[in-house]
Amino acid sequence: MKSDIRGRIIKDRIFKSLVTLLVFVSLLPLLLILYYITKNGISVINWEFLTQLPRPIGEAGGGVFNAIVGSIMLIIISSVFSIPFGITAGIYLSEKKEGKLCNIVRLCVVVLQGTPSIVIGIIAYIWIVAPIQSFSAFSGGIALGIMMLPVIIKTTEETLKLIPYQLKEASLALGVPYYKTILKVILPAGLSGILTGILLSVARITGETAPLLFTAFGNQFMNYNILKPIDSLPYRIFYYAMSPYPEWHAFAWGASFILVVVVLGFNLIARGIAIKWKVQF
Amino acid sequence: MTSVDRSERNFTKILTISAIIIIVLLLAVFLTLVIASLPSIKTFGLKFFFGKTWDASAEKFGALPFLVGTLLTSFLSLLISIPFSISISIFLGEYLKEGPIPTFLRSSIEVLAGIPSVIYGLWGLFFLMPFVRSLEVLFGTAPHGVGILTSALVLAIMIIPFSASIGREVITLVPSDLKEAAYSLGATRFEVIKNIIIPYARSGIIAGILLALGRAIGETMAVTMLIGNSNFLPTSIFSPANTMASVIANEFAEATGITASSLMYVGLVLFLVTMVVNIMGTYIIKKVSIEASKEVT
Amino acid sequence: MESTILRIEDFSAYFGENQILKDINLSTSKNLVTTLMGPSGCGKTTLIRCVNRMHELIPGTKVSGKIYLQNKDIYEMEPIILRRQIGMVFQKPNPFPTMSIYDNVIAGYKLNGIRLGKDEFDKIVERSLKNAALWDEVKNSLYRKGTFLSGGQQQRLCIARALAMNPEILLLDEPTSALDPKSTTQIEELIVELKKTTTMLLVTHNIAQAARVSDYTAFLYLGELVEFGLTEKMFTVPKDKRTEEYLTGKFG
């Protein structure tokens, strides 16, 4: 009996050590990636890098200004498209709660969220790029917007579901019509959660490349026209990384550093809003 | 009808319309894929999935290399990642739930999940590629550095956060009175985990793995950068290859005619496969949370 | 009776197949407190919610009979218009968390898009908060959000919000159930004070509270109006055996 217990205790200890070991090993890649990005990226970043356009290979210097501007434009286009739809659909789901239409919509949101980004890219290509015979920022924005929709819908629904019914009651008892109650009382109360959802989805699409491969396409030059191809940080990283030139590899690290800072920044702000602006009931 | 009534009706209409638009959107996505792949479906039919040759000049297209490529990379990445993600789930769900270390761990997992795919690819090119190359030299195979193994490795890192967080949640859902009963009978922690917690949380853990699988199957950029872009059937884990996602990424921009249609066909298959996996995973999670909330009352 | 503000005639309410209220006949008089009293499930909450037609917000409900507010059939009116004439205070204080105290008091105006000058609003806010016995405690923090207030203060804020609309009648649905004893006393004192200017319909499961504040009491049991009359009379010489049993604590 005694050795039996000894054996079991040893197994217990070994298991715990194994689990702990695996946990910390899994953190290694993260540390390595962040270390590499910072080490290789920071040395490349300077004012020129942030404000100049790319130079052809052979010429030193240049920057990723067009990619930064392009990313900003894509974020704006996709947000304009997805935020209104996403929020209204989210309100619908949180108000209707049950019903055939409701359940079908929820299923669609799940499927849409799991759809690979490259498939969304193909769709945007067929819908927008092919008909006008040109790659464009607009098509890229639409593709990214479709990817933002599920997250915005889900977080809106979840945030609004958490708002206690009493709030609605108080407003209705004052004689406020239903639609005003939703717009002026319920939505403001859920604002922090909804904003968090929006910021998280923006963070996600800022780093997406696949849907842009056949839509926004990339552009060596500066472009403000949404009907023409446009560059973006992830695309530039991809383009430079796959090239054979070490100078461009260094730029890829630099652009990666910027991208990681931006994406993590959005995530942090989203968490901050979720905590600080949270409405108490 | 008063103006208030009209505003009420319009408001409800707008809500319902936006809901319908979502459904229409998804249907449109599906239909577009089907219509675009029709020429290829008509030419190759179901033999598409068994054809080993993908030759644009000969206009002969078979998707087997990519199906195999996808299967190999996804399942290999799952295999590599599962021990790690389950360890994280158990660690955070059972051993150390509160405090600075778990918070740090949880934040790190979130950061890991937030890093864009293309950056994983970039890092993989400069870190994983040399590593795999030296492995290949060790094993005496051609030192490509890129291929199935490399992509599987980077995929494994990318999907750890997904299965880990779902796993952790289901493990914390295990009722404490069950655990207490086991401890009071003299079980060690390992035994409680092995015999009580894991079986109870099994469905949730499987759901997490399914969702991670769905992510791995659809992952494009990091894989495209590390898989070697070969349209031949992979022969070993060191072979360069292509997945369904990466072949589209590599070839679509210049594809026309039946080539483009065949790529769409691949896209359609990719869409359907990820859809099924995701629905299964979500359905299981829903069932698990409904059962858990019943337990609480 | 003095002028009747609210008249309920042969009123029944249903939820699906269940009949919650059976042929209620009842009226409330100006500047008096009428209390609906009875054990849980007797229908008192349903009845009060029918008065401002909040009951019909739940799907599956049906009503029959008539309710008149100032001699107007409430089922012939737009519910929104009706609710602007009736004030309601709920069991759990529910000030709007995103609005300041000032905005909470005039929320009925603001949300309905009724625009008055800032001076008008200032006057309304001060008057309502004074009537709700809250003015002195918040007059220096009118523009702060109301979430720092205690439960009793929040409830008085809700009363001020309801009073700001100058309602014909104020409905109070168990207004002190969620409050501590001290706040409960404050609210009861406020109700007695408000009698001078406001007609009130009160729901409570607290017999002693009914005895303390109300002029008329209606005892409901299993959806029926068992007895209705002057509180003093009913509590000392109840006419119905069931009333007596309830008052002496035999059930409920």
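Labels A, B and C are assigned to the chains in the order they are written; within every chain, residues are numbered from 1.
Rule of thumb we're sticking to: a contact is a pair of C-beta atoms (placed from the backbone, for glycine too) under 8 Å apart; a residue touches a chain by one contact, two chains touch by 3 or more.
All values reported here derive from a predicted model rather than from experimental measurement.
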Chain of greatest Cα-centre distance to chain A: C
Chain centroid nearest the full-protein CA centroid: A
Where chain B and chain C are represented by their mean Cα positions, the distance between them in whole Å: 56
For chain A paired with chain C, centre-to-centre distance based on mean C-alpha positions, whole Å: 49
Intercentroid distance (Cα basis), chain B paired with chain A, Å: 17
Shared interface positions of chain A, touching two or more other chains: 177
Multi-chain contact sites of chain B, meaning residues that touch two or more partners: 4
Chain C residues counted as touching two or more neighbouring chains: 80
Of chain C, residues touching chain B in the complex: 78, 80
Residues of chain B defined as touching chain C within the complex: 2, 4
Interfacial residue positions of chain B with respect to chain A in the complex: 4, 7-8, 10-12, 14-16, 18-23, 25-26, 28-29, 32-33, 36, 83-85, 87-88, 90-91, 95, 105, 108, 110-112, 114-123, 125-127, 157, 160, 188-191, 193, 211, 214, 217-221, 225, 245, 248-249, 252-253, 263-264, 267, 270-271, 274-275, 277-279, 282
Touching residues on chain A, where the partner in the complex is chain C: 164, 166-167, 169-177, 180-181, 184-185, 188-189, 191, 279-281
Sites on chain A touched by chain B in the complex: 8-9, 11-12, 15-16, 18-20, 22-23, 25-27, 29-30, 32-34, 36-37, 85, 88-89, 91-93, 95-96, 101-102, 104-105, 107-120, 122-123, 125-127, 146, 149, 153, 177-179, 182, 203-204, 206-210, 213-214, 217, 234, 237-238, 241-242, 249, 252-253, 256, 259-260, 263-264, 267
